[in-house]
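Order as written gives the chain letters A, B, C and D; numbering starts at 1 within each chain.
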Amino acid sequence: MASDSSSASEQLVLSADPKHPANLICELCRGFYRLGWVTGTGGGTSIRHHDHIYIAPSGVQKEMMVPTDMFVMDFHSKEYLRKPQALKPSACTPLFLAAFTKRGAGCCIHTHSQWAVLITLLVERESGPDACFEIEQMEMIKGIPKGPGKQGALSYFDRLRIPIIENTAQEEDLTEALEQAMDNYPDTYAVLVRRHGIYTWGDNVHKAKTQCECLDYLFQVAVEMKKLGLPWTNASLADGL
Amino acid sequence: MASDSSSASEQLVLSADPKHPANLICELCRGFYRLGWVTGTGGGTSIRHHDHIYIAPSGVQKEMMVPTDMFVMDFHSKEYLRKPQALKPSACTPLFLAAFTKRGAGCCIHTHSQWAVLITLLVERESGPDACFEIEQMEMIKGIPKGPGKQGALSYFDRLRIPIIENTAQEEDLTEALEQAMDNYPDTYAVLVRRHGIYTWGDNVHKAKTQCECLDYLFQVAVEMKKLGLPWTNASLADGL
Amino acid sequence: MASDSSSASEQLVLSADPKHPANLICELCRGFYRLGWVTGTGGGTSIRHHDHIYIAPSGVQKEMMVPTDMFVMDFHSKEYLRKPQALKPSACTPLFLAAFTKRGAGCCIHTHSQWAVLITLLVERESGPDACFEIEQMEMIKGIPKGPGKQGALSYFDRLRIPIIENTAQEEDLTEALEQAMDNYPDTYAVLVRRHGIYTWGDNVHKAKTQCECLDYLFQVAVEMKKLGLPWTNASLADGL
Amino acid sequence: MASDSSSASEQLVLSADPKHPANLICELCRGFYRLGWVTGTGGGTSIRHHDHIYIAPSGVQKEMMVPTDMFVMDFHSKEYLRKPQALKPSACTPLFLAAFTKRGAGCCIHTHSQWAVLITLLVERESGPDACFEIEQMEMIKGIPKGPGKQGALSYFDRLRIPIIENTAQEEDLTEALEQAMDNYPDTYAVLVRRHGIYTWGDNVHKAKTQCECLDYLFQVAVEMKKLGLPWTNASLADGL
């Protein structure tokens, strides 16, 4: 059962350690705001730490959050251990949970990156609704792991594929499609959401942030490549796309 | 009657509380400067707090303002309670007042965002002088409320419409057209000004800032979409625009 | 005669007042670096304060300067009152002096803004070597004064013209062309240098910075307009440019 | 032989002097992260200080490094004097060494700048695999020295040439091609790596950073020029490229 403002509840989020999840989420989101990923209260971040899941609330300015804004959920019971009374839980929660339960992730980041959104529009135009984003022979691909249970990262010569799911009116209604994309792409660490943004996860905070930065770099370069008439893959090069 | 440097006047703007309107305007404008919204002394911000209206002055570097630079006006009499002698009142004042009186806003933000300006030029070219900016099926639309007196925010499937008014030689001469646009678009929380920028407001500072960020995000994506040949709405998609 | 490290020389640049020219130049250049105007040790800034001219040195990282890096020159004799021994005087010095002596400026800013450089290339392609940059009906034009000895600023309906001079191998060799441009455009507060950047000045630091920001905003919007096929002036609109 | 956590090892990296190489690398990388050069743990920096080579580790978030993360190598024996046990040495190490040994560099910077990557793609499309990036008549060219053992910097009228090598699956496998490019272009201070980034070096930290900033500025302008249909050299202008 949720305890809201008791000292036990406070102890879940108050720590002098900058690496404590409640502190880390605030620090990460300040950085993400500067990158334009979580403006307008959009986006969110969640960290699993042992049996506790820390989640940034809904509808708050992500660059101004403080640790006491965090929701804390029990990983096993999925019940809130801490629920700040003035705030709403994030609509991203079931999507974060999918990363934690289906993939064993330690951190999941959701951004509204403009580059991610533009990629979903460019892929839609050229490949129809079922396509995924594909790029190859870019050094930053090496920042993405091969897949759960596999050793090491993608090679420069591997083709990176990020599935794209259709957006829905309610964020929580994305859950089924996100889980389906995880099943269809068992090695992926990210899912793009059409006209919306991206969910990226990793085994821990360091890896989730790294993968999110690598992907966003690739999305930005890919948008610029499209402006300059440069193909994303050799196949499309051969096809004259 | 305005008292300029008396202690009573100082008390209107001096507070240790970072949420005090005089402090908030300075903090907001420092952030807006980093976003390129208020460079060259352009733009401005005003907050209504109970019966007091706080307004950033004209012609100052918005990223360097201090609380004692603020003008304070009585909401009912529209007389200045505080008028810093070395400074000029903002030419945006009657436009801010329109947001406060016609819409019951708690905060109004005026930016010279380049994306907003480019949107007004792109709409003009394609739809003539009476058009508004229209976009649909973008997640960030959900950051904009449905309208005054209506519950909740726009849906992902709603079409966002932001009216555009023609610029005038004097900023205060925009007032009539802005009020007319408010009448013509009773649900809008923003008005674009051709070749100039945007006025956005909200029930409070949090909402005005959030809405301003969501709109600017949409303007920036929309400009990039135009460069990439992507349509803003399904209708224009069908028309091959 | 220059005194290099004497206490008299130190007193010219050491002050606890953040508005002291030696402090202001350092603070301005830190901001200009963040805007991309003075990277790679490029660009510079000079302030005239009564009979003293403060000048940032050549070849230093502009975002890391400290007050003791400043050169100080006597306005009347043009002799250095302070010459840091380890540093070279700025090759921009005769150009800064032109702004101070021919225009009575209080501050002159030289940037390598990429937008300014692109503008000089776009004008060259379309109008040949003698052309100036012209834009009209943009709100930010109102940030530029009408001209020396004239009251007030340009109107929204005025056409802004910024002359462009050809670059030379040595920065100091630009002086004659810059002074000629000042003569040919008696109202201008700025001169663009082809494939190089811009010199902007103003009656004081506040005005020079404001004008530099307004112009850079206009250059950036104008480059984006060109990418989007939007004309800079009504005349070019009529001509279908 | 490497001593890992002894006090002797700590003394190699702990200093109150902000100019100490271990402190400088951390400070530089924080700035490079803000420029988008080393996101996603990409890129790296190394400084030679007398007989010691300081190298940022592999796979860490470059904006969060602390001095104790640094590897230290003996310049003559190429053995590690300090090897933080939890970290991996940088795969860039043999490339940094090439700059130190073949060019006598004091600092080598490796970035994943998107502008550099786009340049390698644009050159590939137009000139085939053996081409180098060429640009002329840009003021920022003057930030690049003429070559090892030569006095002064390139002139505004000189053509800057930066060789491009093909990327390999493993970073260390770039070494041979990088050294070959150094031999083929005896005056160059930088080598672009296709679809990857750039290695830039200089006689000291100041020069390496300056040259890296000048080159990145030129790459960014050159990408924008391509979008606007502007040629990089007069030859390509004459050819109508």
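The criterion applied here is as follows: contacts are C-beta pairs under 8 Å (C-beta built on N, C-alpha and C of every residue); 3 or more make two chains touch, one makes a residue touch a chain.
If you want to know which protein each chain is, UniProt gives these names: A, B, C, D = Methylthioribulose-1-phosphate dehydratase.
These numbers were taken from a predicted model, which means no experiment stands behind them.
Two copies of one chain, chain A and chain D, form a contact in which under half of the residue numbers belong to both partners. The geometric centre of chain B is 44 Å away from that of chain D, both derived from CA atoms.
Inter-chain centre distance (chain A to chain B, centres taken as mean C-alpha positions): 31 Å. The set of chain A residues that touch two or more partner chains comprises 227.
Checking each pair of chains for touch leaves A-B, A-D, B-C, C-D.
Note for the complex: chain A touches chain B at residues 36, 39-42, 61, 112, 114, 117-118, 121-122, 125, 167-169, 193, 195-197, 223, 226-227. Across the complex, chain C meets chain B through its residues 137-140, 143, 155-157, 206, 209-211, 213-214, 216-217, 220-221, 224-225, 227-228, 230.
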